[in-house]
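To keep things simple, chains are lettered A, B and C as they appear, and every chain counts its residues starting from 1.
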Amino acid sequence: MVTTVKEGWELVVGLEVHVELVTTTKMWCGCLTHFGEEPNTNICPVCTGQPGSLPVVNGAAVRAAALIGLAINCSVNETSQFHRKNYFYPDLVKNYQISQYDVPICSEGHLELEVEGSPVTVGIERLHMEEDTGKSTHLGGSGRLHGADTSLIDYNRAGVPLMEVVSHPDIHDAETAQAYVRELQGIVETLGVSDARMDQGSMRVDANVSVRRPGEPLGIRTEIKNLNSVRSLGRAIAYEAQRQIEVLEDGGEIVMQTRHWDESTGRTETLRVKETVTDYRYFPDPDLVPVHCPADWVDEIRAELPELPAAARARLTDAGVDEAQAAALVGTSGMLAAFDEAVATGADPRTVANWLVGDVAGQLSTAEVDFADSGITGAHVGQLVALVDDGTLSNNLAKQVVEHLVADRGSRSPAVVAQEEGLQQVSDTDELQAIVDRVVADNPDTVATIRDGNTKAIGALVGQVMKETRGQADPRATNELLRAAITP
Amino acid sequence: MRRPSRRRVSEMALSEAEVRHVARLARLDLSDDDVAELAPQLSQILEYAEQVGEVAADDVEPMVHPFPVTNVMRDDHPAASLPRDEVLSQAPDAREDRFAVPRIVAEDA
Amino acid sequence: MTSDLLTDTAAGLAARMAAREVSAREVVDAHLDRIEATDGDGTSDTDVHAFLTVVADTARRHADDVDQRRVTGRDLGPLAGVPLALKDLFTMRGAPTTVGSRILEGWVPPYDATVTEKLRAADVIVLGKTNMDEFAMGSSTENSAYGPTRNPWDLGRVPGGSSGGSAAAVAALQAPLSLGTDTGGSIRQPAALCGLVGSKPTYGAVSRYGMVAFASSLDQAGPFARSVTDAALLQSVIQGHDPRDSTSIDPVRVGRDLPDLLADLDAGVEGLTIGVVTELQGEGYEPGVLAAFEDSLRRFEALGATVVEASIPHASYGLPAYYLVAPSEASSNLARFDGVRYGLRVDAPTAEEMNAATRGAGFGPEVRRRIMIGTHALSSGYYDAFYNQASRVRRLIANDFATAFEQVDVLVSPTSPSVAFPLGDKTDDPLAMYLNDVATVPASLAGVPAVSVPNGRGAEGLPTGLQVMGPLLGDDRCFRVARALEADLGLDPVPSGANAVAPA
């Protein structure tokens, strides 16, 4: 059930999503796009806006933009043009951002989502290419912009390729907004064109939120920034909708403004009021020539599209995986590939899904490790399933093996873990028979109880055997041997 | 060669308030004297330039590039960056290997 | 000997150096001495003040290096050892680039312009950086923040602009060659006013990488010289595709090589059809300018060319279109001068105030005017009437040229409506100053090549220029026609007259 706003009101949300591309070099120059390096080390005349420098388009970024566009069902425009968006800001080296304006590379697409079990379509207005800005650090004022007396700028990020995907205002609840962003994340990840990490800023989401009485024209919107997770996005939209409704019901007016989401207080706060629409003085960048995407090139790119999340989910559910698990497999970076690899070893798809989405994901979550960084491969999972199938591991032992896989980042295979950690099941009948005999001899009272008809008490004896074997006894064999020993 | 009469007041003339607005957009400090001097000068130039409205119907495609080419792109191969110190040495103020500016008041776009 | 080194052509000097009659060091020293003797710092009214920076030590070292390599028998380029004056908007690592502006005072660029690299690779020796109208905005070099340059033909007059320093340096025999840039006439007009050959190549023939931008869709670098051959030689050195400039012409992509400027240079005009642009003469042009121009037309006919009337119907809209397109682009190109990364900073409590104070103090009146015009022309509500409409007019003018070139091989006009005017004559009237560009902006807007060649004397015995315009990539044709006129006229390019720079 999606969260609805107060009765008598309709929420209208449009999303602007910025995605930083993982090209090797920047949008206009050959500087590396690496993050986390010493400040101002990946800079050159172009990305520091030195007088006389000129931009040249990174072909890989154009290709990536077209790929994303096709994946979100947009058309790729045959001719598009870069425009200059003129505004002054110290992190913007030329005091204009090269972006796209009336003719973006891609137009009019949509995403089909599943929100709480129902299909929802969100329209996409456009996808355009632009460049990122530098990064400011603020001195004084405890590192925040307000109250700082000096800002320091690092231009390593300046000129990193950005894609902006602008949705139509088709979203009417927070869950759909979240599903839309997750879907977009999954798509760009599947395409391998971005890390799409909201927490690290490689995916940035701005939400335009307004409310209205159903049937009335669109209300005045506010733009919410500083959304660092999908969860924040949902919370912020819900909060803002409620705030606007309260203002309107109190007879107030919504003021067009940019608001900042404060994760700690769970509120949005006014960042600045837009008195007038900013006059960006867009005009075609005379330093860059038009981008031409002929139909045959677009077909070529389309042919390269890998299986997208929606198709992957459908394939998994067709294979018997349940919907929630399918969504988790597709939505977790690297997991679908691991699933396919495991299934390719002959393992049952449902069993593989259970392990991946269940124990593996659960233990990784406890350990705060991303699956993609876990070192756990599809081959590991395939082997794990095989070891359970052939009786080498019980389910309990297999869970212990997973613990080891998580702890040592998949550096040993499950078979090696089982052997080195002594986790194989004891199903050697002679060895087990001796233990069973000893347990039966050591517990005459329990044996008597069982013989009196309280068959459930056998569990205590199984437990004893397990204890003696440190959990490695094959439970089924143990049961059989105990029954045989007790039966008069 | 045509040039407009200086006295004609065109609808394209700029008031001092408009001059101040444009100066804000262009982030240019202008003194009151500058504004007073610029308003008639800019009006005169704009009035002259306004002639472009006399020709070229909407169906004429605006020309941005004199030599028509498309798809000039680079391969995604790295090129050498500049030595940081050489770039920072040109900055009016640099600290902690970064470019330093006084307090930023406005938020970015 | 020294005076002979100063008056010789670049081609002549190169030949003598190749024959080891004279060393590059001697040639460079002679020119450095001439600069020392005539240039001054602009404080005296006999100072030419063509240079903002002279890199004497670097030039001498480079000359010695050329001489040394010549001794070891290395194959050197056709202009090896020839000195050159470089307009102060090409970046050159290790020397300041001011673009004639306070806002870039002290800036030492961290990289070389492509043109600078090409000059070095050709062993052309850069003597220094020349004065110019601030950010190339002007037609007299009086808009330089570092004082005006004077016309070597009459030190009381302007050399034209914006590349006035580069023109004056060559006219004053301080260098046999120089490079300027031409956005709406900034090479051709000073060439005309200083009695030189000046060429604006086809847009895209010369890389703009490392040229501080004024108006990106119009800016082109080109040569000044005292002979057509020298200008063609220098343009041959600097032209060529540059992958760092997206608008640079790539022969592979265009399916056509850049023109060979030397092959048919001396082929004459016999059999060519020369179109005289009706719209670029008559009212507003000085009688002396028109008389010299008409004399040249008669000479073309005598040389076997067919001279016909031709029309660029929208030419009269060129100037208004230009004075919208160029400032619009400039307003954006010059936004980066904000006191953050390089150049001037005027301190203020906030970044925004610092930007505005820096720009207010760092830009001169003409630059501010054009930033204002351009900002306004792009702003909401005015974009269509101004920038966009001007870009449409630009298309009409380009179409006019294309149509004209179906009938004629080249188009000609006077380069400038007047001879050099006295310093201060037009500084109070921006629009009057803009009218200097009336004949040169149409070719700029269309991107077509144009060469200005000396065309006989006008009023006061001052030089005038004839502009030869060709179709896109028809630069060779422009030079060929200019060469024919030059040979027929046989003018002495060395300034003469009562108020001229001191003889060599």
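Assume contacts are C-beta pairs under 8 Å (C-beta built on N, C-alpha and C of every residue); 3 or more make two chains touch, one makes a residue touch a chain.
No experiment lies behind these values; they were computed from the predicted model shown.
Of all chains shown, the one whose average CA position lies nearest the global CA mean is B.
Looking at B-C and A-C side by side, the one with more C-beta contacts is B-C.
Chain B has its Cα centroid 41 Å from the Cα centroid of chain A.
Centre-to-centre, using mean CA coordinates, chain B is 23 Å away from chain C. Taking the mean of the C-alpha atoms as each chain's centre, chain A and chain C sit 57 Å apart. Within chain C, contacts with two or more other chains are made by residues 107, 110-111, 217, 243, 246-247, 331, 335, 338, 340-342, 351-352, 355, 375, 379. With touch defined as above, residues shared between interfaces to two or more other chains in chain B number as follows: 25, 27, 64-65, 69, 72, 74, 82, 87, 99, 101-104, 106. Shown for chain A are the residues that touch two or more other chains, namely 44-45, 48, 56-57, 88, 90, 95, 151, 153, 279, 281, 286, 288-289. The touching residues of chain C, counted against chain A in their complex, run 89-91, 97, 99, 104, 107, 109-111, 113, 208-213, 215-217, 243-247, 328-329, 331-332, 335-338, 340-342, 351-352, 355, 375, 378-380, 383, 387. On chain B, the positions that touch chain A within their shared complex are 25, 27, 64-65, 69-82, 84, 87-88, 95-104, 106-109.
Taken in their complex, chain A has these residues touching chain B: 23-25, 29-32, 38-45, 48, 56-62, 79, 81, 85, 87-92, 95, 97, 133, 136-138, 145, 148-155, 258, 271-272, 278-281, 284, 286, 288-292.
Against chain B, in their complex, chain C makes its touches with residues 107-108, 110-111, 202-204, 217-218, 243, 246-247, 249-250, 253-254, 283-284, 314, 316-317, 319-321, 323-324, 331, 335, 338-345, 347-357, 359-361, 363, 368-369, 371-373, 375-377, 379, 385-386, 388-396, 398, 417, 430-431, 434-435, 438, 445-448, 472.
Across the complex, chain C is touched by residues 44-45, 48-57, 84, 86, 88, 90, 93-96, 151, 153, 277, 279, 281-283, 286-289 of chain A.
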